[in-house]
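Shared chain: subunit A. Partners: subunit B in the first complex, subunit C in the second.
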Partner chain A sequence: MTVLSVPTGGSWLLRSRLLRALWLEFKRSPVPYVLPPLALFFYYDAIRTANGYPPVWTLRATVVSHLVFSFSVAGGGLAAWAGAREGRRKTVDLLATTPRAAWSRLSVALAGTLGWLLLAFLAFTAVLYVQTAVQATSGGPPLWPVFVGVASVTMATVLGFTCGAVFPGRFTAPLVTLGLAVLFEIGFRESELVRASSAGRRPSVNHALPAPGGAPLQVTVFHDLSYGTYALLSPLRDPMGVDVGVYHRVAPDLSIVQVIFMGGVAVALFGVLGLAAGLREPGSAGRWLACLVAVVLVACGVAASGTGFALTGTAQPVRDVAGGWEIPALHSAASDQPVAVTPDCTSTPGFQVCVAPALSFDLRTVAAELDPVAAEIAGLPGAPVRAEEVATLLRGKTVMAGISGSPPVFKFSTDHVHTVDTLLDGATSLAGWRTGFPQGLLDAFLAGPSPAAGLNPAQQAVEDALLAAVGAQPVALLRPVPASAQEVAASAAAQRFEALPAGARHAWLTTHLAALRAGKITVAQLP
Partner chain B sequence: MNVDMRDTHRSFGKNRAVAGVDLQLGTGVFGLLGPNGAGKTSLLRMLATVLPPTSGEIRLLGRDPRGATARREIRRRLGYLPQSLGYYPSFTVVEFIEYFALLKEMPSPAVPGAVAAAVERVDLGAKARAKLRTLSGGMLRRVGIAQAIVNNPDLLLLDEPTAGLDPEQRVQFRGLLRSLGENATVIVSTHLVEDVGTACSEVALMSSGKIVFRGTPDELTARGAGHGVGDAPLERGYSAVLAEARS
Partner chain C sequence: MTAADVLKPAGFPGRPARLAGRLPAGIWLSWLHLRTRRVPAGIVALAVCGVLLRVVLHWKSSSDPLQFPLIVEAGAAAVIAVTTHGPFGEVERATGRRLPFLRLLAAVGMCGLAILALQLGVVGESLNDGILALARNVIGLAGLGLACSLVTGGLLAWVLPLGYMAFCQYALTEAWSAPWTWPTRPPADRGGWIAAMTVLAVALLAYTLRGPRIRPSDNA
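Up next is the complex of A and B:
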């Protein structure tokens, strides 16, 4: 290249002095060098985690917090490296002789770094959302997790850049990276505790909702436990539940205060950067003016983050959204309105299965699991003619499962069939998750007047036998070695009952179902 | 009068780097000589508006650099090459010079042409797109000179500009200095007296923070008559003045 081919300005955008300087910073930013490892991390962590989740928007959106972690930690370190550039490369004197104020110069460098990080963050989030859009059967992309992510990446970047500019050195970047990783990890651990106290909501009382014409719905009342404000401000989130956002809206209250808090911290740190840059200038009126503006920014930032922190302290768990929080000062009543759900149902004759549209990707699987066992008990007193998925939470109480109504309908929730545990935590296998549906139906069908007490050995043996008869894996028979004599007897009874012809089983149940439900049949009395 | 310093002092703690310098300069190339620690770099940094004087008055390009607006205007018309040039290895030659042109608030349309001209003047056209990390020490020095002259400064401050340049480049550089000195005040701080002899119209010698000699290179040469230390006449003059100042 010769001097004749030096760029001559290009578009009007690049002819602007500020934008041209920004373009140079953008072009020579260290961020692109870190994008390949971030992309690898994105694939092996975020994408694979998302693939393990059902394609429900609210659930998949929680994976954005994986990106928030990687981009905030890496971004903070990169920004510290970029911020320390003038000190590290010893250009401070040279740059100080230019008319452009240090704060303005540093702002352009910061914008170059932040621009890259936000672009990459949004691009990766878009990949995640496009993938979900292809698979999801209902709903749309939640934007608040993205806003929170942008606020978090911005805060971490400004923090890192300011640290680098104020303490330039080659160890600043690794120290900032380490510090941010620890900070986010602590926040994440705290938020998990909050989830345990709010989303998990430790059950304290079990009772039944009156359900005329059938077995009562089994519900559990939860007591709210204490939580930490810091944890609620953490942008890292665990999945809340499969049907969160399906039946009830997720209020954006907590996201709003998180954005206010992190935005405030970012503004305050930007002010600190200006203050540090202004104080380095030789004494003059202009210096004090710059410092005054910086102080005002610091004050505004502190006020905003303080407001966010204070508002977070008033957070209350949302009644119908597990893991959801509302801030009274920001809460909109519209968020409390349930989502109008027109269920998707199977159209095959006989037993009908219905699920929410957002969960209809599961419809065939659920129907395939429920149909055989429904056929096995069809015609028996109280046998359901339909299965209908309902919200996990109903009027602030967790719905476990049950058969109610006339004709009887089996109502189940995702929590009841352990979808959350199975799909999110990997606690059980997919086969176990599938077994949950027929098992849940039989639990409700065979349970006596106190469903919370669970099945007695005879009821359990009948359930195991029916499950085995339809090819599902029964609970008792799964145990390789029965632990007690009672279990040995129950297992033997289950195998006996399963060995009967279907007609004989049905006939016996027709005769003895009421006694079995009442707990008057013992294991020994099973044929 | 582009430079007007009156009784200027600068101290760092108990160490007096510049002790009562009076200096008035118009256009032309002005050489600043002196041993290590004489106060040359501190003087240049004060002229570059990086370092405020402890006491005394400085007016640059007819303005008082203590005022923010005046200082900004001075800096727009200032070129500075520090003794140790810091640079960004990932920038190309053109980008680095353009970056400084933008920071010097040159009018946007003039920037590409000015960058091209600066690159040409230091003979780096062939390396215009090379990243700075790939350049030799001498080439980096030329990049430093290019960023200093990109805005056609009225006041150009060069601290050891020829350090690392090969003889051919130094000859070329002296020609550049003479050319720049026709319309601007160029102050060259150097240890290399031959640079001063060929390129400077006036020379000052500093010792212990004070200017102990000011005159033309010929006058400095004349001061060395009969003095034994130094290979060249100008060096003998330099040594003689210094010896006299120390005694």
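Up next is the complex of A and C:
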């Protein structure tokens, strides 16, 4: 008598023989014992990382990849342990006498392990998304990162289970875990290299777009891309930018091919499991039919994963989404259209600050940083009357910052004042990210005709003085010591200029601003 | 015919009579102990770890020199932990007083072999922090594996070293420097060495005296 031949009874759920067997596997699975450490890891890694990010849906959704790593690696090892059970307990021959085929028996065990892992993965993801939903000011949860995570956990689990069933040794589970950890880590590092080359950590050419009525917008063109297909197939990746998905929808093309590839690998491995089980029990009923189905599954899985791999090789970067990729064969033009953004603005009189609704969680803070500096330069020629946040990418080029239009408007992106790495490295960087806004505004205001060249010493001294006057961190204090003689002179000039009454500073700037921007004022000429 | 009719009086399978005759009893006993723990296969697994470390360093040495070696070191420690499992369960513990010495010999020997295999694997490659960090990490992680075997049994003792490795990956990213996250500390750091050596010493002592957890039915 087996569990499948016991007369049915009890609740309707347990009346199904398959469900009863699955329930037994659920009860016997080793996964629940590993859930507490996984939860601890979830808190330390995923939750703390997510708390360090602004509550933007696309950004927070990248934290799901932290769960993907832990669940895939741990899931592979646990599945290998579960798959090796019959071999470990030396019950292979005993169970071969039962009427059910080995493949169906192993499938139930696999389903029990996979079910626990997916339940836990989805539960942890739900916690992450609920936390984001409470804090986010616009948008909705991206589902494709979850689908990719489910595919990755499934692939790793089936891989581990198949290895455990085929090689039921004591070293199988740890070696599977080790191998998966190395594979995922390599994929993550490769994807970082792709980010470095595609998202422009190393700009090669600087351009300045002419803009009427003020300093030009500064844009940067980046390297040609060089990447490996394996890197794009990796489900682990770092966030690309704060406003990814805010101004343009993120095309799901890459996620689709990742799901196709990993799903194909999982199906092929499931077929291998059936083939191995069928060949191991030659006397079982329906052996040849099972082997035939297994071969078909292997063929379908290999075809799917091969298709996914080939499609990934055709990926092209999307112009307006940092780190976005499009697959021509899958791409839908509607999937990466600009999002209609009606900015949220401060309602206070005077200097107005506007940001996208998805970033309005930080509107008051940014306004509080910009308002004092804007008041210092109010009324001066070219002084902005409004600050407006724009997308980081414009027609494939990175918008840094600038003042343009009439009346002048200070346009900035989330990336312009500090590199996005500063913000994304942890929660404590958020404060540093915000304090960069006054400096960004003054950079754009004081810069000459070539903003890419940076400020000259006199311009820098004036900027430091104005920053110090409003209580912000002067740039001179951020420089490493010892400073050069030129920097010491600029620092002294900044202190002199800061010591002037506000009215005197304003009057001097009214008179000399054009010459200062043109680079005709030296440090010694500052009052 | 009964079972007694088919039993052969000559020794155990796999024991060549001429070999047994030549070797001293102590060495023969040690060899049998190591074989029952699958130590020869474990040595092969350690060699695989060494090769894997070399391959990873050769191809990916520029991407992240700390994370990959830690993964492989944890894998080697997991192999050591798994070799603590014996197939005989409680029965073996009634056979004499030499078992603790054999456990100590096997554990220390496997630790040494793991360090040797990984060090051989990185010869000619650039291993960040060098052999000192490698040895310290293997020692500490192996201690965790031995400690885990006291609770879970040898077959599941790989869980703690690999779980701790995953945690240390995060600690490396966050640049933590507490002594108990010794893989994040510099190779010559005293606190990291004290933590790793303490873990190994305590775990080795407990493992030597008590042995891994076993169940009466040995159906782990």
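We adopt the following convention: the second predicted complex is superposed on the first by the 500 of 527 C-alpha atoms of A that agree within 3 Å, B and C clash if a C-alpha of one lies under 4 Å from a C-alpha of the other, contacts with A are read in each partner's own complex, and residues count from 1 in each chain.
One rule holds in what follows: contacts are C-beta pairs under 8 Å (C-beta built on N, C-alpha and C of every residue); 3 or more make two chains touch, one makes a residue touch a chain.
Computed from a predicted model, the values in this text were never measured in an experiment.
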Partner chain(s) touched by A:T177 [first = subunit B, second = subunit C, both, neither]: second
Which of subunit B and subunit C A:R287 touches, first, second, both or neither: first
Partner chain(s) touched by A:R89 [first = subunit B, second = subunit C, both, neither]: both
First, second, both or neither for A:R20, with subunit B first and subunit C second: first
More subunit A residues in contact [subunit B versus subunit C]: B
Which superposed partner A:R496 touches (first subunit B, second subunit C, both, neither): neither
Subunit B versus subunit C as contact partner of A:R28, first or second or both or neither: first
Touching partner for A:H506 - first (subunit B), second (subunit C), both, neither: neither
Touching partner for A:R100 - first (subunit B), second (subunit C), both, neither: first
Overlap of subunit C and subunit B interfaces on subunit A (superposed complexes): 30, 89
Subunit A residues within the subunit B interface of the complex: 1-9, 15-17, 20-21, 24, 27-28, 30, 85-86, 89-100, 105, 282-287, 289
Sites on subunit C touched by subunit A in the complex: 38, 41-42, 45, 48-49, 52, 56, 60, 63-64, 67-68, 71-72, 74-75, 78-79, 81-82, 85, 154-156, 158-159, 162-163, 165-167, 169-170, 174, 219-220
Residues on subunit B engaged by subunit A in the complex (per definition of touch): 45, 48-52, 65-69, 71-73, 75-76, 78, 80, 82, 84-91, 94-95, 98-100, 102-106, 108-109, 111-113, 115-117, 119-120, 125-126, 128-129, 147
Complex contact set, residues of subunit A against subunit C: 30, 34, 37, 41, 44-45, 69-70, 73-74, 77, 81, 88-89, 169-171, 173-175, 177-178, 181-182, 185-186, 189-190, 192-193, 426
